[in-house]
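The chains carry the letters A, B, C and D, assigned in the order they are written, with residues numbered from 1 in each.
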Amino acid sequence: MPGTINVLYFARLRDKIGLEAESVDLPDHVHTVGDLLRLIETRSDAHGDAFSDRASIRAAIDQQHAGLDAELGSAREVAFFPPMTGG
Amino acid sequence: MPGTINVLYFARLRDKIGLEAESVDLPDHVHTVGDLLRLIETRSDAHGDAFSDRASIRAAIDQQHAGLDAELGSAREVAFFPPMTGG
Amino acid sequence: MNEIIVQVDEMAPDGAALTARLTDAPDTEAGTNMGTGAVATFLGICRGEGGKLEALELQHYPGMAEAQLERIARQTLSSTGATAIAIHHRHGRVLPGEPIVAVVATSPHRKAAIEAVDTVMDYLKTDAPFWKRERWANGETSWVDAKPSDDAARAARADKH
Amino acid sequence: MNEIIVQVDEMAPDGAALTARLTDAPDTEAGTNMGTGAVATFLGICRGEGGKLEALELQHYPGMAEAQLERIARQTLSSTGATAIAIHHRHGRVLPGEPIVAVVATSPHRKAAIEAVDTVMDYLKTDAPFWKRERWANGETSWVDAKPSDDAARAARADKH
């Protein structure tokens, strides 16, 4: 597992956190997308607010849809966002 | 009822009869599209051949779909043709 | 106001041109109130049948053809909730790869526009006075037979609406 | 060979241009074997909401957007039997009346092309990483919420295929 990972935010999450992306150092106990989420939401009140409505959080690992229980493995990029509204 | 009516043929019927249209004098006993058909098919062997497969004959009165039992009324134009193949 | 455009001639139907006429019209609901959220288009193309077909020749009933397209469009507007429908049906000689018919429908939301285009095509197969003759590369010609499945689809529409 | 075209940029999607790219390609089955009998097109348009909307602003996930459109097109080709699919999805600022997305599908017969366009649109709603924000004439902005009905339609597709 790499020591750091690039985390991207979109839509409401980007607005609340005020960042498009940030680099996050991964402690050893972070294995899944859900672990990463619980790590990130403690970074600031804004982060906490952004992730407070768990039901509306979706994620992708290396640009593929992923559930919160998905293993990060050797992922280089994880994105968090609300449900998509394309089309 | 007018004394004469313009009769149009399309597709296979036109090919067999060899005419796009002809004017037909209407005897008093011709009231419906079916009456007209039975009158026309006696005009020549070609006419008889064109109308021999009754199941594949469709008709229109003044450019509106009509069944064989439809009254000619004051119609000026009747068309005979096989089932349509548009689209 | 609903809007209907029908066109019957020997020109190749052009979906984009039809769409422009439907949506750019300055005094139609589709054009000016900006309520249109969906434009569905269908183009029917002459298949080459693996190189064996030289051309389709479409005979039509002038006058009745235009009247039937208009009737089909009007019926479909009321049954689907589409806001505008355009139909351009060609007659005469059509080469493989060339369009035979273009149908465009607009609506606020997707389903009505797609359903309208599909419905118009079902009706065209059975109710529009056009007859297709295939001219084969080997010199033979044959009238295309109507498909029982077309009548069934047409009947299903009539039952539903 | 099946053919897929995807395009993600700030340009207005153009159904006719996409169709030309799909059907004129010299080395695709859709273009050269003359087997294409049907071209269905769908254009999603920004509604003006009765003059209250100033613009839609579409945020997207670069890279993933293109990959997802490609995946959706590939999946839909195999589930519907369409022979070629093109998707052009816009991001950035879109004014009322302007197109957001264009989808084109070709097939030998009508049903597969229409079904393909409808299927792609269902998947785009839930699987394509775009997020719409409404900018209102009164200065307010609001992110568009995903519709439960979109998830239901998406799930129905997944069940069926």
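Operating definition for what follows: a contact is a pair of C-beta atoms (placed from the backbone, for glycine too) under 8 Å apart; a residue touches a chain by one contact, two chains touch by 3 or more.
Quick caveat: nothing in here was measured; it's all calculated off a predicted structure.
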Farthest chain (mean CA position) relative to chain D: B
Rounded Å distance between chain A and chain B, as computed from the means of their C-alpha atoms: 74
Separation of mean Cα positions, chain D and chain C [Å, integer]: 23
Approximate Å spacing (C-alpha centroids) for the pair chain B, chain D: 49
Chain B and chain C: spacing of chain centres that average the CA atoms, whole Å: 27
Where chain B touches two or more other chains at once, by residue number: none
Where chain C touches two or more other chains at once, by residue number: 44, 121
Complete list of chain pairs which touch one another: A-D, B-C, C-D
Chain D residues within the chain C interface of the complex: 15-16, 19, 33-51, 96-97, 108, 110, 113-114, 117-118, 121
Of all residues in chain B, those that touch chain C in their complex: 8, 10-12, 14, 60, 63-65, 79, 81-87
Footprint of chain A on chain D - complex, ascending: 44, 59-61, 63-64, 67, 89, 100-101, 121, 124-133, 143-146, 151
